[in-house]
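Take a look at these structures.
Next, two complexes with subunit A in common: one pairs it with subunit B, the other with subunit C.
Entry: the complex of A and B
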């Protein structure tokens, strides 16, 4: 197992190197410079600034410098935020985004799995129809609509919770709910389908033939088998939640990484764009590794060979 | 003899989009203590559905017992609530399924799956259940049970998995063991091993067995009595000798005739023409009439009752009516029966 994870970590480094290279090249194709919007600068001033940031160097030299910095853990200096290092900008945005993402992920998957199981067990009953309606609404209505509705009724009209900003737990509740609706609906639909299929399997009949009660059959024999495929879906879902969500962060004024990403793209702030991209890549690759390990834990059939 | 289980006029139906499928249409049979009853018939004749109904395992909500009774130990279990049935399932009546590749839970250890029933029905603690499970695995001849307990189904071969399924079924010493085509999914050499094992175990634990199969060779090997099912009804029933050497129903003739024997390489294998009837709208009269070359006119009008051949041998065919023409089984079937006789003697000696 340790050997397997070690191997995977090496692959991760190679993948990250490729991603860094490709995104560097792509960025050099972007039109404009960080100074495109600064009309008041004279051409001479421009030259001085570009020179000082190293943007006049030949591209291979820029690339070399960038890689050297990367290995040392230096992601460069932001152009837009008063020359602050990119790492400190990311370090500021990540906690809020991650907190929001984890909360939404937990809320969404737990409720979603529960809802999906209920509708599979009471297949074609009231619970099933109710949860199908929730699932359809959740997947088809964008989260910012829910966000707006909740802000208006719960925050403005009823005054139960703050409308926006990020000053403590109660500020996280509304954005968490808004973010959780999509994973909730996705999980509910997915788990319902899987569980209905599992409950029709022969081994469920075997379990019932042993005289086990309905709850034992569902919990001991059903759920585990129904959740295996869910892990595959959860990976990308988790990544999209953990890496910050532009719209929800914007609506609730959450100082997260999503907001920073948008402003850095708009201003051609290359180091911040690169840094954020690499951060997303790291989270994504790590998630894939976690999922592969989880698979092995939950499903004995694909336990990684050699380990034990 | 003690009647352990008695099924009376059992009707089982399934609601489907195209209508109500009458899978079982008035089945009567009984099972005595310690005997093996084989139910034979082609696919779709209702044999599996009958046993699923016995266990209360019909797929809900579309499968249901429409009519009739199932008396086990002097109580009608056909109308029991699921909660009460749970106390009988696995404890008094246990089941071995057809396909060992799918009937074990892939994510639970084999030992856990054997122990479950023991913990539920015998109130055993984990340690006791573990010992009993090892004992059961020894009984079904799984080598190295202590280590095998901790393994998952995918680490077992098909034959070994079926042994696990049998061990699971035997866990609580059930009085009735229902085996639903337990050897169909296994290859031939393993089939023989499993059959021998089942016979062996029956002697040891003295349980009654209902053995469902479409393989008449298996029936001759394991059963005391046979019930032949066609289109949701039992058309002939009797002891193995009666049904094999003195078959009365043309459908039984067809089944015997279509059984390959060692000597049959020169002779063409007999096939029953046509397909079984649509059970959404079962035909009037004898359901087998359309495929029966000995069918009488009355077969298309009125259903034959069970005619008595002997105290234990009954068949539902108008050919047994006193006014019916005397028809002998076709020559090829007769030859088949004779050759069977010889091979039986050969295996017995």
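Entry: the complex of A and C
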């Protein structure tokens, strides 16, 4: 296990280094400069600005400085927001994004698991068909469509909840629901298949034959085994939430990293783009790693064969 | 047991069957593809999804050709007209009559009406009022529903914009179907490129095995480790925005899942006897890969492609949404939805049509994909 984790950590570092390098190179090839908005600058002024941001150094030197900064946790200085360091800009956006993401993930998985279990227990009943329909719609229809529907009917037409912005719990409800629908549908679908398979296993028949009640069989013997593989889907789900936040934050004007990222793309704010990219990459890779390790800890079959 | 029937022996005739006859193949044997098609045709949902998708594809090709308007023609006088469709305009609850209905509040009916008049440029002749509540004198207690005939008011009684017009007065019917075609094109081309690269990469890695496989897989692991969101955005940033930028950005990370699936499957297959037999007969590598291995992985390849099309459509609209999509005036479902959001509070109809279309396409492809997966699954097929 330790060897496996070590190996994965090394891969993680290599991947991050590659992402940092690639995003650095790509940024240097980008059309447009951060100065393009200020055409009226005299050549001298231009020179001073480029010099102060270190943009006059040869590219390998810039790359070196960038990497050294990265190791020290320094992501550079934003071109756009009054010389503020990228880390502080990210730090400002993370709480809102994280809150939104965690709420959505919790809501989605809890409801999704419940729905999946119900439809497996009442296999081929009304609940089952209803949850299948929800699952197909939820995995197919993009989250921003749900966001639009809810924003129009619940916020604009009925006025029950605020349309946008971020000033307290009621502001988080609509974006959370919009984000949670995809994980909800995916979980429901996955848990349903797993649970149906588990309920057909011999040990469930044995438990029934012993005379255990239906609830004991489902809760003590069924659910435990059906939920283990769910951990494998949680990783990709959390990643899809990351993509989702970009759009949902935009629609509901949530001051998170997603919105900052989009605005930095529009203004060619290279350091913020690179910083956010790297941040996304770290979150993504760390999440996959944690989930793989968790899976190994929870399921003994994987722990034994996974050691290789 | 008394009512046992007695049959005359003459009724029966002996059928002689020689060994030779019983070996005859009476019917043509079915291939995997034919098998899959037979079980697909029995699945009602899949057939509905296929028909819906087919209609959408045909409409996206022919609707812009036969439309009276072009995708780019602007006329600010026609700005933000509601959807209006001949015949259907007579069924009022469908909301396809080009009328604009809004509720106005006021202290009494008269002030509410004044507000409506103000909103609709004092075009009294084209507004019809419907008093919802008389009010009791308290502020904003009276409610009046005003219906405004925008088409007649702007002098376009004889024009029909089926899906309405956008802010710049462009016909949304034409733009929506044109955008659908662009979105579908991007998705299908991206999926096909993924297919070719993925099958070649996975096939070569698995077939040659050993060091080649090891190296190719290490590279693949690193590529998979990079979040596709990040790569797609970076690629879009450096390439000139447009159709090909989006396709390239989508394929750069898209091929990996196909490569993995094909590799796993071919690794399993290549140890089997029929491959050994082919090799013993002197078949070259190319023939073994193309004639023996790839056909056996065909089902998986088709299923995977079916699922990568909707995800490509989603990514395209997602990119347009965050401002990295097709540059205007070109339209795709993503840019149309983005425009729709900008006007959501005033004219929600702009968002409705592209949103419904993208949802139908995504649902259709997902149902089709599920159906195809079941059809190709040999465990389900052998009844």
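As a working rule, the second predicted complex is superposed on the first by the 266 of 308 C-alpha atoms of A that agree within 3 Å, B and C clash if a C-alpha of one lies under 4 Å from a C-alpha of the other, contacts with A are read in each partner's own complex, and residues count from 1 in each chain.
Heads up, the rule we're going with is that a contact is a pair of C-beta atoms (placed from the backbone, for glycine too) under 8 Å apart; a residue touches a chain by one contact, two chains touch by 3 or more.
This is a predicted model, so every value here is computed, not measured.
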Subunit A as common anchor, with subunit B and subunit C clashing or fitting: fit
Of subunit B and subunit C, the chain that contacts the larger number of subunit A residues: C
Subunit B versus subunit C as contact partner of A:148, first or second or both or neither: second
Superposition-derived angle with apex at the Cα centre of subunit A and sides reaching subunit B and subunit C, degrees in steps of 10: 80
Which superposed partner A:169 touches (first subunit B, second subunit C, both, neither): neither
Partner chain(s) touched by A:140 [first = subunit B, second = subunit C, both, neither]: second
Partner chain(s) touched by A:201 [first = subunit B, second = subunit C, both, neither]: first
First, second, both or neither for A:126, with subunit B first and subunit C second: neither
First, second, both or neither for A:212, with subunit B first and subunit C second: first
Minimum Cα separation, subunit C to subunit B, after superposition on A (Å): 9
Footprint overlap on subunit A, where subunit B in one structure and subunit C in the other make contact: none
Subunit A residues touching subunit B - in the complex, by the definition given at the top: 200-203, 205-214, 216, 220-221, 224-225, 228, 298-301
Subunit A partner contacts - residues on subunit C that touch it in the complex: 221-222, 225-227, 229-230, 233-235, 237-238, 240, 310, 314, 317-318, 321-324, 337, 340-341, 344-345, 348, 351, 355, 358-359, 362-363, 365-367
Complex interface listing, subunit A residues touching subunit C: 11-12, 14-15, 18-19, 22-23, 26, 29-31, 136-137, 139-142, 144-145, 148-149, 151-152, 156, 163, 239, 242-243, 246-247, 250-251, 262, 265-266, 273, 277, 280-281, 284-285, 288
Subunit A-facing residues of subunit B, complex: 55, 57, 59, 82-83, 85-91, 94-95, 97, 99, 102-108, 116-117, 120-121, 152, 154, 165, 168-169, 171
